[in-house]
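All chains are identified by letter, namely A, B, C and D, in their written order; residue positions are counted from 1 within each chain.
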Amino acid sequence: MGARAVLLLSCADQKGLVATVAEFVYRNGGNIVSADQHTDAEQGVFLQRVEWELEGFGLGRAETAERFRTIAERFGMRWDLRFTDHVARVAILVSKLGHCLYDLLWRQKAGEFTADVALVASNHPDLREVAEGFGTRYEHVPVTPATRDAGEERLLALFERERVELVVLARYMQVLGPRLLERFEHRIINIHHSFLPAFVGARSYHQAYARGVKAIGATAHYVTEDLDQGPIIEQDVARVSHRDTVDDFLRKGRDLEKVVLARAVDLHLRHGVLVYGNKTVVFD
Amino acid sequence: MGARAVLLLSCADQKGLVATVAEFVYRNGGNIVSADQHTDAEQGVFLQRVEWELEGFGLGRAETAERFRTIAERFGMRWDLRFTDHVARVAILVSKLGHCLYDLLWRQKAGEFTADVALVASNHPDLREVAEGFGTRYEHVPVTPATRDAGEERLLALFERERVELVVLARYMQVLGPRLLERFEHRIINIHHSFLPAFVGARSYHQAYARGVKAIGATAHYVTEDLDQGPIIEQDVARVSHRDTVDDFLRKGRDLEKVVLARAVDLHLRHGVLVYGNKTVVFD
Amino acid sequence: MGARAVLLLSCADQKGLVATVAEFVYRNGGNIVSADQHTDAEQGVFLQRVEWELEGFGLGRAETAERFRTIAERFGMRWDLRFTDHVARVAILVSKLGHCLYDLLWRQKAGEFTADVALVASNHPDLREVAEGFGTRYEHVPVTPATRDAGEERLLALFERERVELVVLARYMQVLGPRLLERFEHRIINIHHSFLPAFVGARSYHQAYARGVKAIGATAHYVTEDLDQGPIIEQDVARVSHRDTVDDFLRKGRDLEKVVLARAVDLHLRHGVLVYGNKTVVFD
Amino acid sequence: MGARAVLLLSCADQKGLVATVAEFVYRNGGNIVSADQHTDAEQGVFLQRVEWELEGFGLGRAETAERFRTIAERFGMRWDLRFTDHVARVAILVSKLGHCLYDLLWRQKAGEFTADVALVASNHPDLREVAEGFGTRYEHVPVTPATRDAGEERLLALFERERVELVVLARYMQVLGPRLLERFEHRIINIHHSFLPAFVGARSYHQAYARGVKAIGATAHYVTEDLDQGPIIEQDVARVSHRDTVDDFLRKGRDLEKVVLARAVDLHLRHGVLVYGNKTVVFD
């Protein structure tokens, strides 16, 4: 299957949006292979994802963007043009827990993601062997109260140099500063070890165990300034019973976290997620 | 929310389909509120569901169909034009088990379906009280080897007179004849008490129990000449364990059957299901 | 299958508990058909459920309790002796939403519960027809700030007269007072329309919609003085997407609530739930 | 937590079983931490799993077995005595697909299993690097029609020399011969890529795709002479839609297979699975 263009757009709902976008593709010789659209009637917001084959399409990539800009401005669209053969550059941040890192690196190696893992960075040295075992660069960037700002600077510089487009927090136990958040708005995905908004903050499984829940959850979301409050991409749960100890919660939770985070990363890399307000539209 | 038109269509994949349909709606003043599209690359089939507001739309209902016909013929489309304020007339066939019947009648009464239950028909007299308790007509149509053809005739006549558009087999334990199947192609929904294609035929839960499965399932599908082989609309499963007896399978299964059948009926009534070959596209 | 005795007990963990209980049953000629046991290592609590056939058992029902009392006192047990042929008397409290009421009454009628619904009581007159359609007594007990105490008195009197053993809050929108809570400790089951502890309080689905969750939940729990904080019996979730409106959340939620509440009631009626601290042990 | 003894037993149902076993443990000073019991009323079979602390228990390990033998003979029990500090020796068989192998080796390294992976054997050389990356011995044992018997001999010899107790077929694409099956009865676990008994044999996902299912499954079972017919240990499903291609089925299926196989292996290693007839009792 050849490369395709993907257009993600959102704007105030108005007549003619679907027709205009489809007409743009058609007039230039493109064959639409997928078109999803959602209207949030409450907020009056229109969101769309259109994908078409580049084979036979009459415009070059830069030209496509240039021409579409006129349409976008007419309708007041926020928009993004991407291409399915683009190999995204991803940075993974971890602390000491390695299960999500392992899982992501294995998937990347197995060809599940159209992405390169540019580097793994951590505030601890522990997972170097895991990253390097997959041939991936590992950077130890210590973060202490005293070095927080310098650490962030170093991460930003690393991401810049490695042309990172997506940052994945694979159980990274540090709060990110405003510069990173601003620079990578809606491009930092975190996995939280609970079914948000239940059990925010640390030691979620311990909280869940103390409460006597009958299922535990995991939530992948874009990171914003408000901790554990960003737009949710994916969630799932697993049943637990009185027989499960906190250790069992942690063990079952690892499986949940791996799968939920991987799905969110996959959806993002397939250009399937649009953010509006504090919500996501997920075109899967 | 005002009434909307829904266009369901399928044809060989080709350029300009999305643009042409969207243009048709837009040119006549319609605002598209939902547009879903799927291309089966393997079979080269294009399928689409487009929904637009009638308020402000310049064509009457009959006129819309008439005008669209030209487009449909140009592209060789199979198509169907429906309106969300149309109250579908539904017949429910049952035998002796009442759980699905109860559930459907309750949902109808609670306003979950845009439908009227025109009648309940059964080869047994047992569930008359249930139907009539909801104010629904109940017809006892006995089916024996000797009366099979006459029974079918009577059902067909009843459906004709009541202008039935959808037939729901809510645990109806009889095979339908070819005339009914032909007359209501892709408009007869059955609930099968297994995760098809496992455990076809009768006594599925007994088969499942004997096999020692760890989950049971239910499948809603359109009925075709090949028993239990029609296009699947919806499936789901529930966990079981060695502690569950066949009676527990039956009890858990009833909950599954109710929910799976109701979802399938709901999807059909919302004009969300397209059939192609032996498969369905479900736009939910 | 003949009637069986069920013994539920809990105490500080110590040696000889399993042996002593099993020996008690065996010595008196009983055949154990099910024995489940759980030790909470953290809290040092032992909990057990033992079920044996009455056929061939040498002690009468009252005698069984009397003899077991000696054992229970020796080990400092909290315990409860029940019999599977006992038909529990249940009261259902509702407000205006009828889906859970319908579901429970249907299950009772279908023989899913070993219980009689002694009465349905409500602070509104709306659901009288539903209850009486199933032949069940309906009491309208208005609750206003001025009449709260009198209302509680009336409920208590009704429950007393009807020998109610279990109270089910089937979307009852009132807080219960301390006298009812005390009188029916661990015998009042509520269904909350969220995956607790997320979205406590009112309008849970609206909260969930605003947060942009990807799944909604329901939680059945015993009612305690702390609103939405009682011991959880059962929880489940259903997936939602950006396509779902608040109305869809409510609709999908109704299905969840029905099933989760029915499972909790069933587990309770089968003598499968033990409470310790703010947690439950569910022997299913 | 100290080491514990686990007794797994089954026999014809009769009075006094629970009491006798509990008494055996108690009389020798053991504290039972977990006791699960199941009676299959239909077949009249009693099955039990009892776990007690070794600390304070008056008998040595060999002595325990010896003494229990008398009881077992009296009741005609099949039984097995295990100890939770025993580190089982596991062999993993693979062909070319590495996802389950990776997952199992990672879990073993992460300490999720009380087991050593003694060796990985394969009819292909492809996954050597994966195994050796985890420090695990890799044996390439080619299997062709001509070398089948010699191959089996070599596997048997390897397993013998490595004192293998459990064989895991982690997407091993070969049928095992009778000598292996006999030698490792109920100790060979296979992962099948479907919700058995649907889609037996090869290319399950392709079959499922052709049938238009709405969910795919995976099944872990003990291997017997009848292909895909052995006692089921664990099953699970994942939803798919018309948007999923066969490749998506394969990708989602990998996640299912990993989790379902790992759960089954874990249950086996925790001494939680009893086989009777063609069914399992899973004490989790």
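Keep this in mind: contacts are C-beta pairs under 8 Å (C-beta built on N, C-alpha and C of every residue); 3 or more make two chains touch, one makes a residue touch a chain.
What you see is a predicted model, and the numbers here were worked out from it, not measured in a lab.
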Between the pairs A-D and A-C, the one where more C-beta pairs touch: A-C
Residue-number overlap at the chain B/chain C interface, same or different (half cut): same
Identity of the chain that, by mean CA position, is farthest from chain D: B
Reference interface B-D: repeating pair among A-B, C-D or A-C with over half of contacts shared: A-C
CA centroid of chain A to CA centroid of chain D, Å: 36
Separation of chain A from chain C, taking each centre as the mean of its C-alpha atoms, in whole Å: 42
Residues of chain B touching at least two other chains: 38, 41, 243
In the complex with chain A, residue positions of chain D that touch it: 98-99, 102, 106, 110, 112, 133, 243, 251, 255, 259, 262, 284
Contact footprint of chain C on chain A as seen in their complex: 38, 40-42, 195-199, 211-215, 217, 231-237, 241-243, 245, 278-282
Chain A residues within the chain B interface of the complex: 1, 13-23, 25-27, 29-39, 41, 56
